[in-house]
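There are structures below to look over.
Look at the two complexes coming up: chain A is in both, with chain B in one and chain C in the other.
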Partner chain A sequence: MNGFTLTPVEKKPLSFALPVIGAAGGVAGLFVGTAHGSGLMGVIAGAVLLMALGFVALRVLGLGMEKATRWGIIALFVAAGVLLAGLPGFILGGLFGWFFSWFIFWIGEGRYRASLPPYLTGGQVLWHYAFWILCGAIFVFLITPILVVIPLSFNAQNFFTFTPEMLRFDPAGYSLKHYRDFFTSSGWQQALRNSLAIAPLATLLSVSFGTLAAIGLSSEHVPFRRAIMAILISPMIVPLIISAAGMYFFYSRIGLQGTYFGVVLAHAALGIPFVIITVTATLVGFDRSLTRAAANMGADPVTTFFRVQMPLILPGVISGGLFAFITSFDEVVVVLFVGSANQQTLPWRMFTGLREQISPTILAVATILVVISIALLTTLELLRRRSERLRGMSPG
Partner chain B sequence: MSDTTQTGPVLAADGTPLKRSLRRALRAQKMRALALIAPLLIFVLVAFIAPIADMLFRSVENQIVGNTLPMTVEELRDWDGTEVPDEQVFRALFFDLFLAAEAKEHTKLGSRLNYEQSGISSLFRTSGRDVGDIGEVFQDALTEIDPAFDEARFWYDMMSGGAEAEGNERLLSNQIGRLEVLEATNFSGDVDFVPGAAISDILPNTARAYAVFAAFTHFVDEDVVAEEEPWEAVYAALAIDLEDPATRAALAGYDGPGADVLRRAADAPLPPVDMKAAFIDSNKDWQRVGFWKVIKTYSPPYTTGYFLNAVDMEKTAEGIALRSADQRIYGILFQRTMFMSLMITFSCILLGYPVAWIMANLPARKANLLMILVLLPFWTSLLVRTSAWKVMLQQQGVINDTLVWLGLVANESRLVMINNQFGTIVAMTHILLPFMILPMYSVMQTIPPSYLRAAKSLGATNWTAFWRVYFPQSVPGIGAGSILVFILAIGYYITPEIVGGTTGTFISNRIAYHISTSLNWGLAAALGSILLAVVLILYWAYDKIVGIDNVKLGG
Partner chain C sequence: MKLTKTLFATTALTVVAGTALTAQDMANSMTLVSWGGAYQDSQDKAYVKPYLAANPGVTATWDESSAEAVAKLRAMNEAGNVTWDLVDVVASDAMRLCDEGLAMELDHDEVLAAAPDGTPASEDFGDLIVSDCFVPQIVYSTTFGYRTDMVPAGVEPPTSVCDVFDLAKYPGKRSLQKRPIDNMEWALYCDGVAKDEIYDVLGTDEGVNRALAKLDTIKDQVVWWSAGAETPQLLADGEVFMGSTYNGRLFSAIAEQNQPIGMMWDMQSFDLDGWIVPAGLPADRLARVMDFLKFATDTQRLADQAAYISYGPARASSAPLVGKHADLGIEMAPHMPTDPANASNTHIYDYEWWADNRDDLDAKFQAWLAQ
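Then we have the complex of A and B:
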């Protein structure tokens, strides 16, 4: 597991190993048992089975036959799983078997201490692993909701939950019909078109204005720098509902409420802080003598900007643009108020869908959006590395 | 090149003093920087700051009463508020309400005042319908005396005082101005009518009523004034004018168009003008002193009423007081918003701290891997995450199904985890957790792990070493993350709207409700202003503690 060993591994006595393995088996047995009617029976059966397995693996077969033993345990669990619950049992059994075959040797051979300092007490070791499990649970909390959405979007039924067919891995339980719905429904397609019409223009506005202003702000002699910065950052600070309320009042006064242009304007304003922050961050590492050198060699300011400065700060500009794009693409509160039915965007439709008629098409859209955001996240990360390489910093 | 022995200012190559040319160069640089910033600054000011300012303005603006009932407000100024106002006030109300009803503005005023006192809305609606009938009595009586009163042309000639007569431009432009305020537009052009100076001296009420009728007919209805029969209000105004003995005396010496018809009308018996009785007959609520007090209280162009309402107070005759207990909703709502935001912040600290700690203490490669798990939800659409929580928490949702399948919960007693505070707190903790982890992580990265080891080697237990050495150094991270999460949580709208039901909603949901459903924009603006003030104070604190330049976006 780990590349180095802090503590020499030593075999643990069975009086320690077997109860621990048995307890783990009991917990697993509880799940299987409750699902089949009797929790208590499951706990006892699981504990006894695992203790027996542990004894056989550690004492009878021993370390020499570890590989074979582990495969044997996996095979045993898979067989039991298939017997109990068919195809899902096969997979669950495989997972359980893989875990226990590793766990028995990890505990029994004392490998869990390898990566820890030798002076830790037993309680501290326990705390260390409990802490890891806790953190693991928090990561599960962070990631599960998103992972649950993806399989559910392939649901063949119009339910928001896993159907028995899906749990049996029955192909009939899965379908692409919600994706088909998305791509054929005129409402969703109109919403997609609106989103794609609004976001790029808003991005263009905030990137072009934002980059210029960031360059201006990075000069040393700007009066009222802090005040200007505060104003430019404010769209990010003010709660969206307040921005939305203010824009609704003001834009309806000047006739922009319910127009395409009004929504673009509002989204551009919301995207500006992201552009300002990323581009100024890039400019911090920018070597000013480069522009002076260019000017020295006879380049006019425009040429200098496009041929020298722009290529160097481009990663920052693009990532600012991506932020602005995502802001506009995901935004729902402001468009809800500033837009009219003609500007209904994808998030807006999802929002009304979630509030009123619940249809799993939303989950298909959600999956598509997750894929898009993963793609954007990867792009951003690559850009960041490139920017650091260009500025002579080491990646990572 | 300058000589070192030379006295006086140092000169640049072109002969100007170096100081001045340096200053000029600096100024040029400054101007260039400002010129680069200017377009964006103007853009943000127009597209974002102006709307916020407009919202702040709307939270105190209250011009509707003064704009819709200008004469009534004027008459009410001297009213002492002890009993029902006198006939003068009701006459002013009649003309104001007649015009407002023609312009269909009276219902707006009614619903505005209804926010302060329920029942006023229907008062304005019914009486706005009845003003025509009140005036018609006089129209019938006058046409009975002379059928010429039914002719548009006759009225036009009479009121303009003939082709050659001197005009009263001021009266007309006053009435046009009043109409502009009421309709909230600007009118330009000629009305094709000017009230005669002589006739408007003799018949002041009639001239005023006819002038505003003429302006309305020309600008709003876009008709020809001379071809339209005047409103019932004009007949009522004439009746009021003719009541006055002075008018009769003045009419005796008048020889403009329609003079003899007017004299005949002045001598004939007209029905008595009693607007007070007529209004009370239309709706009994007009004799409720309380309603009149509300009108008087909200007649100034600016009001603190919305803000008082937003903090569960109201203006009463005895001054400002708390609303009765069953009407207090915003205090509870603000408290709930605060409480839930604090709960969310606290759960974020609880969940974020271990994760940030483990990431800060792992080798960079593994930490980056875990960072992806943190950033993925950060980068996923808010609606995706909210829908995910709806899927998870529903009664027929994933968590309940799992619990039922495991036998931990009976099928008929599935847990209620959505549409209440629990649902909002769980979903928002998940959504805001990355905002807590990222600042904590960046602070913890800077704490050298050797400190902990040093503390332990000096004999501290694990707990003491953590609590006395590590934790104090990580507090800035907790502070930054907490303020950030709290600021974001307090103004959240989407997630509470979807998973919050009725008990898990925030003040922002109420703002949205007032904008789109109850249409009480002033109250929405006041609630928004209070929320904005809270956020700005927190933001100021954040700037002091962390510094705005340190805002980082996802590592």
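Then we have the complex of A and C:
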């Protein structure tokens, strides 16, 4: 894994390699078997098939023929895949074949020890790889619901269904009509405009107030710092539905309910904690003697803030702002209470749309939002790295 | 200030008296509350767009909140800030809102247009005016659809509601609405209770247990739904073999989306959907909404709506005017729940009985579900 060998590899006895390969084949067989009606048959067939393949590859053909053997195994899996499921089977078979052709030699030739220190016991080696698999499984569990949405949004039908045409990779099964629907429907476009009108202003308010609060709260002489901090952070901790219901009645009394500015204020209140937290964290690494130096040279506090402090804490401010933006952009509970039909945001429309008509337009919007979120989070990560580099915390 | 108030009050009175108003007295925006989806589209096309075209400068905003209309109107009333002008609700919700004083009582003959032949509105709508606050728009039904390609080989496709309870003949999952209404009645009917005795039997503890026992026979094959979009989705996925939903949803899945789904009209359960006006609207908004309401519920407009969705217009005088589907060009009359061929055996859902027994049966039904 690291490209160099820590432990010399040695060939493993078949009594060890074959059961391991068989077990892996059984797991893969479980999926294939379940898809074809019988999980148990799949496990048995997969295990037997893989043990046979392993035996042939490791004992009969041997290391000398590794390259040819691996291509043979891939071809075998591809052929089986095509027989079972056509074009999708071709791709899945190729992937399975590629994995197992590598796996058989990886186990059989003992290569899995190469990147591990030589003193590890068998149990420790097992745990090392079990840990990797566990992490991978958790990752898959987290990411699959998001990944499933993306192909479904190209569905040619008006249902959340992988149609047979889609599974055959037939172009007729796919269409951009849900994207077209999103970009041409006045309701969705109004919602997009509302979201784009509300989120930036809410972000601006959160960033301004949050940054000022963070700077104030990180100076030593402010009384009740912890209590004030706790109150400012509370929108993040109090269940959203409670804040929302409270805001609804409060805003109704003062005439803000159902107005654009009401929603902006509500979202700003939700965004402020994120800004406070990120800016406070950045301020920990900020050298206070710089402000004193600036004051010493005649700069007033405002100049000091904009010329000295702000550029240095900017990454924290921006990442807080991004969080505040995403909060406002993704928020549905508060806007349902505080907004009226004129302030319908994208999440509001998705929420009602999902309840009243299960239309893949929602999936198209979800895909677009996922892409936007990824773009924003990437920006965030790049800024974080830049900030670390500037502060000399990482080599680059 | 006092003068304006008096003026507004007089305008409100003149509205109720049905006198024509000048546009200056009316607010120029409305918030209409409906169910979203194809149903709201049909309203938009049949009467909101034409109304806005005839009244330049007026805007209408849709709020898809009918599902929680009762709760939201209560909250708005409590906060003293009613932002809705006209709310589309099912008949039972209209009755509740009327009882709680959250909806305005109307004199149907005065605020609604008469039929073209001069029949007053109250006679044209007839029995469908189930509450003084309620202006019916459509008759819809909750009925069953099934996957035509999942009917077992060599078996006739299902035609009777009792086929839902017949797991031996028609194996597979069913989707039913997660509430006692309709399900209890269908269960008793299929357990051999005569149609006109269903509510008498359901009024006794033994009757309730009998209905639940019948539902028990299919319970492990039931997927429970709460939103109207779920059954069409489940049927399109092939997740269920048959399921109940609103007939317009099934029509849309069959005729517009070309799904392999068949209709079962047997023992369809009729229900009504219509408008209520929230109580306590300011005079200018009330004037506007009354003007719209009169337009939107006249004979022609209700008939127009049927060109977009297969729900029966609530006015008797609209039925002969029902034409073809706006996009597909098929005759809509045979797809109406009220069509004689579809309505040969229907279930008349008893509002009053359910109003009295709903809470009790809801509790029993939920307890049974949790078992």
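The working rule: the second predicted complex is superposed on the first by the 322 of 396 C-alpha atoms of A that agree within 3 Å, B and C clash if a C-alpha of one lies under 4 Å from a C-alpha of the other, contacts with A are read in each partner's own complex, and residues count from 1 in each chain.
Here, a residue touches a chain if its C-beta (ideal position, glycine included) is under 8 Å from a C-beta of that chain, and two chains touch if they have at least 3 such contacts.
Computed from a predicted structure; not experimentally measured.
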First, second, both or neither for A:S243, with chain B first and chain C second: first
Touching partner for A:A341 - first (chain B), second (chain C), both, neither: second
First (chain B), second (chain C), both or neither touched by A:L265: first
Which superposed partner A:T352 touches (first chain B, second chain C, both, neither): second
Partner chain(s) touched by A:A299 [first = chain B, second = chain C, both, neither]: neither
Which of chain B and chain C A:V148 touches, first, second, both or neither: first
Which of chain B and chain C A:L134 touches, first, second, both or neither: first
First, second, both or neither for A:G216, with chain B first and chain C second: first
Touching partner for A:A79 - first (chain B), second (chain C), both, neither: neither
Comparing the two partners chain B and chain C, which touches a greater set of residues in chain A: B
Chain B and chain C footprints on chain A, overlapping residues: 159-161, 248-249, 253, 355
Complex interface listing, chain C residues touching chain A: 31, 33, 35-38, 61-65, 67, 75-76, 78-81, 83, 227-230, 232-233, 236-237, 257, 259
Chain A to chain B touching residues, read off their complex: 31, 34-35, 37, 39, 124, 127, 131-132, 134-135, 138-139, 141-146, 148-149, 152, 159-162, 205, 209-210, 212-213, 215-217, 219, 221-223, 228-251, 253, 265-266, 268-269, 272, 274, 277-278, 323, 326, 329-330, 332-333, 337, 347, 350-351, 354-355, 362-363, 366, 369-370, 373-374, 376-377, 380, 396
Chain A to chain C touching residues, read off their complex: 157-161, 187, 248-249, 252-253, 257-258, 340-342, 344, 352-353, 355-359
Touch list for chain B against partner chain A, complex: 26, 29-30, 32-37, 39-41, 43-45, 47-55, 58, 351, 354-355, 358, 364, 368, 370, 372-377, 379-392, 394, 396-398, 401, 405-408, 430, 433-434, 462, 487-488, 490-494, 497-498, 508, 511-512, 515-516, 521, 524-525, 528, 531-532, 535-536, 539, 548-549, 551, 553-554
